[in-house]
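Listed below are the structures to be examined.
Here chain A shows up in two complexes: once beside chain B, once beside chain C.
For the complex of A and B:
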């Protein structure tokens, strides 16, 4: 494939990765920022979202678009509820102690994974996309008669992949509005800055924690629902996105919304580009190396503030 | 434990360690315990009495225990589910026909998680804890390679159904045999003439980046070169990969044929994204059905496979020339004419591979009967009996077709099938001869001592 079309394909694939990753990493970052909890089970909420999407789509069993819409509306709140319950039952009991919550969320990870295996089973199952048209992308070339359009072999994407990118942009915007323009966002930010002071000002910190943990899980589930027509729902699918989310959150700065989005774009697009031109393994190596450098030279992350 | 020294030895053996000193002082209770134990033993003997009647003969009527190493979880789960069903059906048939040497067959199944380390542990458990006569059934090559050395150390015959070349290559040991399914080297070698003469000379290969995929890469490249063709690109994909579009630009434009073989939970995504990448202008495509085992050909996104070709170990759809053996075998396992479960048409089988379990168990039966197998002491005799086998005619015990077993390399050879997708069904296009699959021996396990 020629270089130009090759780059565009890499960019498109990278943007899809970045879209899903930014939603997921945002959830992880939010939970850490507000609660100081490193949620190792975050990838499992992504998986639960995808698996619930399959279950809901099959239960509805109507037109693919209706099935998918039902999954999109129901799976994330259901996952959020599950997470909020886990917060009340587990995290609250260990008093949000940083070390103990890591161990507790590792336990959650295995419980969720094994329950899924025991009920949903070990198979990878597809959910049909609401719409999926192949779009060929034209490219310019110089011919004897000047500039001309042509359709390179293999350069294309699908309408659904573009919709995923669009949906992620909209959702990120909505989260930003929620955090900066609403009372709920204000309460969350207050809790993030100083939870004891917030409590003194009558902020129901316990309920904020449950809500934030639920919101974080809901975002991961949303990413899962969006990805399931492209990939398939499988009980082990949460592993890789979890690692990438940690990379994104560390590079972007834990608890920083714009940092997370920028880092997700950086990791997603570089992953797409490097995978296309070299190998996906190299992409992972470079991303991990990036994390190492960030930790050495800018431990608070690109957009993080010192002392947080 | 001063009390034990005062008791006669015979009584000590019966006295439970948990019995308290108080109980020792009261012989009545001890006697009661002994009576209870004796009654239990009698009851156990009585409950097994019907077996004596059914399988009456001179030796033990204990069941023959076959340890079944099954991929219930992990990337091999879909295969494991169907290997399990086929194995159960074969054991039912064998038991209905009177068992092996008059003894019933019992399957001791254990999940290996499609993981080599766990696989070795499972083999060990079967040999030492469950007291299995043999171990059987493993599919994924890395699990076989991880488990076979342990089977060799424990001296338990290990019958694999893996289609990897590692058995015939001499990499494993005398205790590991693959008599029920052909190996990758013979399969790909037999495909090369058809691919080159019917589809095109310039081939791009896409395969998973581990032993099984490397077998394809190496043997197919060599076989294509021998046919005067050319492998223009080799694209290795990590086994845990979930998105594939980024690999497709590596396919050179002058490619005539794409040769694909993928495994694992992401296979459907792989084929779908390949379709999306090419749109209407695809080259010829030849794939190993492994890319779509247990996947419904009617799944959304697979329409583009229409007109492409597949290798199948055993054709999933009942063909026009279907044999009575295949008919009976399908019925026994519970598979319909479309290769799906009779109880759920969406539950598609791994039809191209699972016959190996059926055939292997029949070979184990034949081997145990030829060697007069009576127990673990006869394991070497069993292996020698299987090693001396040669022709296995097409029959109900071998529904996939006739086989030629090579006792030196512990590997079987058989017909291969090429099918074409026509109206969403796989229709037989070509059947290779057994001779097409032969290659020179690379080892002689019979020279190894037991």
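For the complex of A and C:
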């Protein structure tokens, strides 16, 4: 196979990573932006989404598409509810103090992980994709009679992966509309800018916080559900996505939706490319170096504002 | 209308207000005067419920608002124009007003009335609040509070850093509201401005209030001013 098909393959794999990553990082960024909480347990909500997807799919036990749809509709709200309860029981009690919330969410991380290990167990388990057609991708080559299409061996994707990319685009658009065009979004943005003044204008800040924490966790869970037909559900699966989300959020600039999406694309696609040509480990090394450079030369992130 | 009784509050372990008492009736302007750090802003924040009252009470009409969570206080018709304006900086003019309108579910009519009062805001509805000039920002802070159609209005140094023509515009807005029956509690440093519009004056000294004095009496007896605020 020549170089070109490899590039396309890397791009496609990278777009899938970017899709999942942007949803997850957006959740992290929302929670930090509005609540000033660095949620170290964010990766666990991703894991809970995937594990719940497996549990729900098994409980429904029907056609794969039905199982998956049930998981997609139920797992994220259930995870969001869990997070909202954690907000009330834990974060509110430490008054959203920035340092204490970090410690509190580290505690949350281990509790969620261990409870999952004790109930769901240490195995990695798959959920069958709702549909999974193999799609071969044609490429052009020059022959004596001019340009011609051919199907290089190994260049292909699945309909499910394309659907993941499409779903992420739709969801990101929906979140953007929610934040910019609705009253709920307006209230969230006002709370983010000045929570005391928001209170003075009748915004129930506690409830906004619970909702934002739930929304952030719900987005992570959604990413987990989308990934589980590709990756399998496992109680430790939250670590890498958490790290990558932090990288995305630092590069993109905290609280910036476009920044988050661009940085997720950057990280996802370079991850895909480097993994296809070299090794996934090199991809992680380069991403981490990228973060170091951003922190040195543009600490507010590519799209962030100074003084955030 | 607004009744503050033996109110005490502070920050953490620091007590700032001690047994502050005064009333503001509908249709009058009461000025809160005091040196820097006397506790004027702290008093307004406590009335809004943003600081917990340690003891004493705040009632608005028949409602003891000091028992309520902060976010329910404005629903009882208390509008707040904070010191330094505290606009939602990255929201537009229209969005800042919308936050005010949502407090008591007011709509177009209220908004139109506010924009009539401050036409400059109407020309800049889609401009971000932090790009407005200082005077325009004060108009927006005022407009945002008026969007809840308050029966009590708290103003914390609304003329800080404004030029005379803007000050005059704010003064007119405040007297117009008083004439409509709104109870107005005004914190102001500039004594001349205070004496020209206030009905009564309450002095705060180290977090303690003195009984209210009629503005007319202060004009004829300037050594009272000297005693409390050193002018």
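Remarks
Here, the second predicted complex is superposed on the first by the 308 of 308 C-alpha atoms of A that agree within 3 Å, B and C clash if a C-alpha of one lies under 4 Å from a C-alpha of the other, contacts with A are read in each partner's own complex, and residues count from 1 in each chain.
Note that in this section a residue touches a chain if its C-beta (ideal position, glycine included) is under 8 Å from a C-beta of that chain, and two chains touch if they have at least 3 such contacts.
Treat the numbers as computed from the prediction; the structure is a model and nothing was measured.
In the superposition on chain A, contact of A:69 is made with neither chain B nor chain C.
With both structures placed on the common chain, the touch criterion links A:202 to chain C but leaves chain B unconnected. In the superposed pair of complexes, A:132 makes contact with chain B only, with no contact to chain C.
Once the two complexes are laid over each other on the shared chain, residue contacts for A:169 go to neither chain B nor chain C. Using the contact criterion defined above for the overlaid structures, shared-chain residue A:286 touches neither chain B nor chain C, since it reaches no partner. Once the two complexes are laid over each other on the shared chain, residue contacts for A:38 go to neither chain B nor chain C. Shared contact residues of chain A, touching chain B in one structure and chain C in the other, are absent. Of all residues in chain C, those touching chain A in their complex are 48-50, 69-75, 80, 82, 86, 88-91, 95, 98-100, 102-104, 144, 148.
Chain B makes touch with chain A in their complex at residues 72-74, 77-78, 80, 238, 240-243, 245-249, 251, 253, 265-269, 276-279, 281, 294, 299-301. Within the complex formed with chain C, the chain A residues making contact are 183, 186-187, 189-190, 193-194, 196-205. Partner chain B is touched in their complex by these residues of chain A: 1, 6, 9-10, 13, 17, 64, 117, 121-124, 126, 128-129, 132, 134, 136, 153-154, 156-158, 230-232, 234, 236-237, 240, 272, 275-276, 280-281.
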